[in-house]
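In the two assemblies presented below, chain A is common to both, partnered first by chain B and then by chain C.
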Partner chain A sequence: MKQFIIKKPKLFELIDKLARETTVIAPVKQENFTSFAPITSAAEIVWGAPQTVIPPKQFLYPQSEDLLAYEFGNGEARITGLNAVKERVLFGVHPCDLNAIGQMDRIWAEKNPDANYLEKRKAITLVGVDCLAPCSSDAICLRLNGLDPKGRFDLFLTDIGSAFYAEAATKKGEALVEGLRAPAKAADGKRLTAVQKKRTALFDKQEKKLLPKYKDLSKLMKANIDHPVWEERGKLCYGCGSCNMVCPTCYCFDVQDYMHVSLVKGVRSRVWDGCMTEEFAKVASGENFREDRSHRLRHRTYRKLNYLYDKWGESFCTGCGRCVKACLTKIVSPLEIANEIYSRKI
Partner chain B sequence: MKPKVGFFSFTSCEGCQLVVLSMADKLLDLLGAVEVVNFREASSYKGEDYDVAIVEGALSTVHEIEEIRAIRKQAKILIAIGACAHIGGINCIRNFDNQFEIKKAVYGERAANFDSILAQPIDAVVKVDYYSRGCPPNRDGEEFVEIVTAILQGKKPYIPNFPVCVQCKMKGNVCTFHKEKPITCLGPVTRAGCNAHCPSYGNACIGCRGLVEEPNLNAHQETLSGAGLTVEESLNFYRMLNGMMEVGK
Partner chain C sequence: MKTLYTPEMAVIKKVIPQTPLETFFELELTERKTLGHKPGQFVEVSIFGLGEAPISVSSAPEPDKPTFELCVRKVGNVTNALLEKKVGDKIGIRGPFGNGFDIAKFKGKDILFIAGGIGLVPLRSLILAVLNRRPDYGRINVLYGCKTPRDLLFKGELKSWECGGSVECLITVDLGDESWQGDVGVITTLIPRVEIDEKKTQAVIVGPPVMYRFVIRELKSRRLPDANIWMSLERKMKCGVGKCGHCQMNDIYVCQDGPVFNYAELKKIPESI
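This part shows the complex of A and B:
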């Protein structure tokens, strides 16, 4: 990890230049929220709060993506391949989402490496920005180990007043700020530590407490497969999949064939899917393995706090709080579920 | 041999036929795959030798009920298109008022000469094989073409059975309930497939594609009353297009 200091006006100039020369995607205003979108100048960026409605995963794993196109003729099928990938800068990503992207990098590279994701990932320069105050009252990042980005970025910026303290985890990150960076001095490091300390204290004060210990979450889940919390919360579930769609670590998809009405050509696409929807676990015979909403809620929570936790050694809820906000009946918060299970022993 | 298709219209604005006509290049593709023998909005020719009947509108007269029975007898496949044909739609609002008063208000002194009855969707009378949902059928008729394509392929068309919220979130929309000035919305119980068209333009979902198979109506009542709607107001919201749901749809 290399540390630099970048003067604010210089960084804004760089963003303006990058926005002219390549594609820069950053949080911009969207009504009373924000959304990741291509920008034309640094002035459009919303720093910090409010959070985007959906996470930046859409630029690595789009909502709907054509995997291949096919055409029939002369007794054979012709298949054309993947979409072209463009170089892009993903700017202003919060630590919770950096952690999520870091987790997705492992998921998509495992066993059968997914070229659709990995090619796009390789073409992205990931620039994170540290949060100095919670982005909303729903944020639970400090509790779920999501506030420390753990080096999951090319470049990471912290506002230390007159300048940005920049950490580069990759050569790509270093190269991005080539020419406008100065090496960080001991005094800058001290300022960073002070800013971070103050920040962490603020998060600790404002974020909802996690009652069980973070490292016990997986065990707690495993021991409570029959806890009444699943049924009680599950009966209020719409099965609307909002929590899945807004989650930076939900990556399940459905594959659909779209045949042209001429029946001679078509495309095969993958589309975001969600385990909370009714037909997610329905198979060809009509059998549904998770017909009950309570089972689906438990499954989702287990994915975040138990199955993937055990497999990869960390919570796959990074505490962004988007599902907490999106869920209209307020049942889905992994932190609240863990707290309820912890305080109501069965 | 191309399947012969007839379009038929019952109580409606005939907007569904217009949606099919306005599909431009997709319409040409469609016409390459089927032969149209009956289509009032497009042609005065009326053939009776159709294999596939595409029916818009709700049934609201005794005469219409006789007609739909005759169509069902002829057609091998019957597709209900649009909210009126699928769920009765806006026509069913009248079902919740005094029928005598309504008839008088519309037809005046000649009310007795009209055979109008409670409005109902097509499948209240005959079997419907496929539904092209929405008011009007969504996505510039894309789903309608998908249904026809699936029939030609001999496979089941893919129609989502999850709420509008799925596609609304995919679009990154700010939830109608979370706007600075919140709007009450039927999205959490309504079947997706429209790409959340109305919420994407800042409006509430009014449920034109009908409800999902297992809507959580208790949860929705809580959400709506949390947003300040009385039970009566909530019912009226549903009755705009989904009135038939209350009699067992």
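This part shows the complex of A and C:
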């Protein structure tokens, strides 16, 4: 990891230049919410709060993404090419989302590498920006090991007052700020540490407490498959799947064919799907393999805190708080569920 | 760019209606010599414009045979469209997917095949593979249950296996008709009629989800050890490559780690049966 100091005006100039020359995606204000979108200048960027409704995973794994295109001729289908992937800069990503992207990198690359994701991932320069205060009262990132980005970026910026303290984890990150960076000095490092210490204290004060130890979460889940919390919270679930849609580490998808109105061509797309919806595990014969809402809530929570935790050694909830906000009946918070299980032993 | 989701094309070589609902297809890949599957594996059948459906391969793996067989029940968009296809038409195929049966584990054993309804389709692949090397195995029983006599699949084949003397078949239907002379009742009623050697018998079960618990209970009452009970499970296999999440039961992706499971392992998976 290389450390630099970048003067703020210099960085803004760079973003302006990049926005002109290539595609820069950053959090911007849209009506009364924030979302990741292409920008034309640095002035459009929303720094810190509020968190975007949809996580930046949408640029690596879009809500709807063509897997293949085909044309019909002489009564048979012929598979045609898809558009090439373009280079983009994904700027202003919070540590929780950097962790989530790092986790998705592992998921899509394991066993059967998914080129659709990996090609897009390769073409992204990932620039994170540290959070100096919780983005909302729903954030639980400090508790779920999501506030430390753990090197899951090309470049990571921390606002230390007059300048940004920049860490480059890759050559791509270094190259991005070539020419406007100065090596970080010991004094800069001290300022960074002071900023981080103050920041962490603020998060610790404001975020809801996690009662069990983080490292015990998976064991706690596994031991409580029949805990009444699943039924109590599950029966309130509308099965809307909002928690799935806003989650940076939910990656389940449905595959659908769309015919062009001309009926001579079509595409096969994958679209985000959610394990909390009733249809998710239902097969054509009508059999539903996860019909009960409480089982669906348990499945979602287990994926984050048990199955993937055990497989990869970390919580797959990075504490962004989006599901907590999106949930209509306020049942889905992994932290609250863990706390309830912990405090009500069965 | 070819990806995990790009189908290969296959030509339909034969179409044989089996029952009012099920049709048998023989297919040949256009760019590869053979599918190269194991018994119990499945493919994603692709109808462009409609989508994909997971279908079990029904033929035995035969390295020199260029074609493979599917038997498809019309139940959704894709399978309805597939049943409209004719000899010479092309469809998309991805796979084979899944673990399949490890046939080596059955060598020297008695095998008790238990099929419910369309469960005979994946099981046929294993039965045929076993029959191709008949001397390698002990006694072979096939128990097969269907709703009505009209729903019986591979009727001719069942007879020919039996007539060859290499297999004993018992067939039952939930509801007979005027011409039905055979057994009436659920599949578990056939189990007391077969010999089970708790050391030697390997039971292989494929059927609708509701069937497994009852059949296993019956086998357990005959003292068959968990490790001698095998089954292939149905789930919503959408991607086939362990990504889309639909087929998951607990932390297991059925499309990758299944669909074939041994009961000793399956017992540890609460969402399995």
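Convention: the second predicted complex is superposed on the first by the 334 of 346 C-alpha atoms of A that agree within 3 Å, B and C clash if a C-alpha of one lies under 4 Å from a C-alpha of the other, contacts with A are read in each partner's own complex, and residues count from 1 in each chain.
Rule of thumb we're sticking to: contacts are C-beta pairs under 8 Å (C-beta built on N, C-alpha and C of every residue); 3 or more make two chains touch, one makes a residue touch a chain.
Here the structure is a predicted model, which is why all the values come from computation and not from measurement.
Asker: Classify the contacts of A:259 with the two partner chains as first (chain B alone), second (chain C alone), both, or neither.
Answerer: both
Asker: Examine A:214 and indicate which partner it touches, taking first as chain B and second as chain C; both and neither are also allowed.
Answerer: Neither partner.
Asker: Once the structures are superposed on A, label A:245 by its partner contacts, choosing first (chain B), second (chain C), both or neither.
Answerer: In the superposed model, A:245 contacts chain B only, not chain C.
Asker: With both complexes superposed on chain A, which partner does A:111 reach: first (chain B), second (chain C), both or neither?
Answerer: Touch status of A:111: second partner only.
Asker: If we overlay the two complexes on their shared chain A, which of chain B and chain C does A:12 touch? Say first, second, both or neither.
Answerer: Neither partner.
Asker: Looking at A:285, would you say it contacts chain B, chain C, both, or neither? Reply first, second, both or neither.
Answerer: After superposition on chain A, A:285 lies in contact with chain C alone.
Asker: Mind sorting out which residues of chain A both chain B and chain C touch, each in its own complex?
Answerer: The overlap between the chain B and chain C interfaces on chain A comprises residues 256, 259.
Asker: Which positions of chain B touch chain A when the two form their complex?
Answerer: Listed in rising order, the residues are 26, 29-30, 32-33, 145-146, 148-149, 152-153, 158, 161-163, 165-166, 169-175, 177-180, 187-189, 212-216, 218-220, 222-223.
Asker: Sort out for me which residues of chain C touch chain A in the complex.
Answerer: Result: residues 1, 3-7, 9, 48-53, 75-76, 79, 89-90, 92, 208-209, 234-236, 238-239, 241-246, 248-251, 256, 270-271 of chain C touch chain A.
Asker: Under the stated contact criterion, what part of chain A meets chain C in this complex?
Answerer: 67-68, 70, 72, 75-77, 79, 81-82, 107-108, 111-112, 114-116, 119, 225, 251-257, 259, 266, 268, 270, 273, 275, 280-285, 287, 289-290, 295, 299, 302, 306-307, 310-311
Asker: Can you list the residues on chain A that touch chain B in the complex?
Answerer: Contacts found on chain A: 30-33, 35, 52-54, 58, 63-64, 235-242, 244-246, 256, 258-263, 272, 274, 277-279, 293, 325-326, 328-329.
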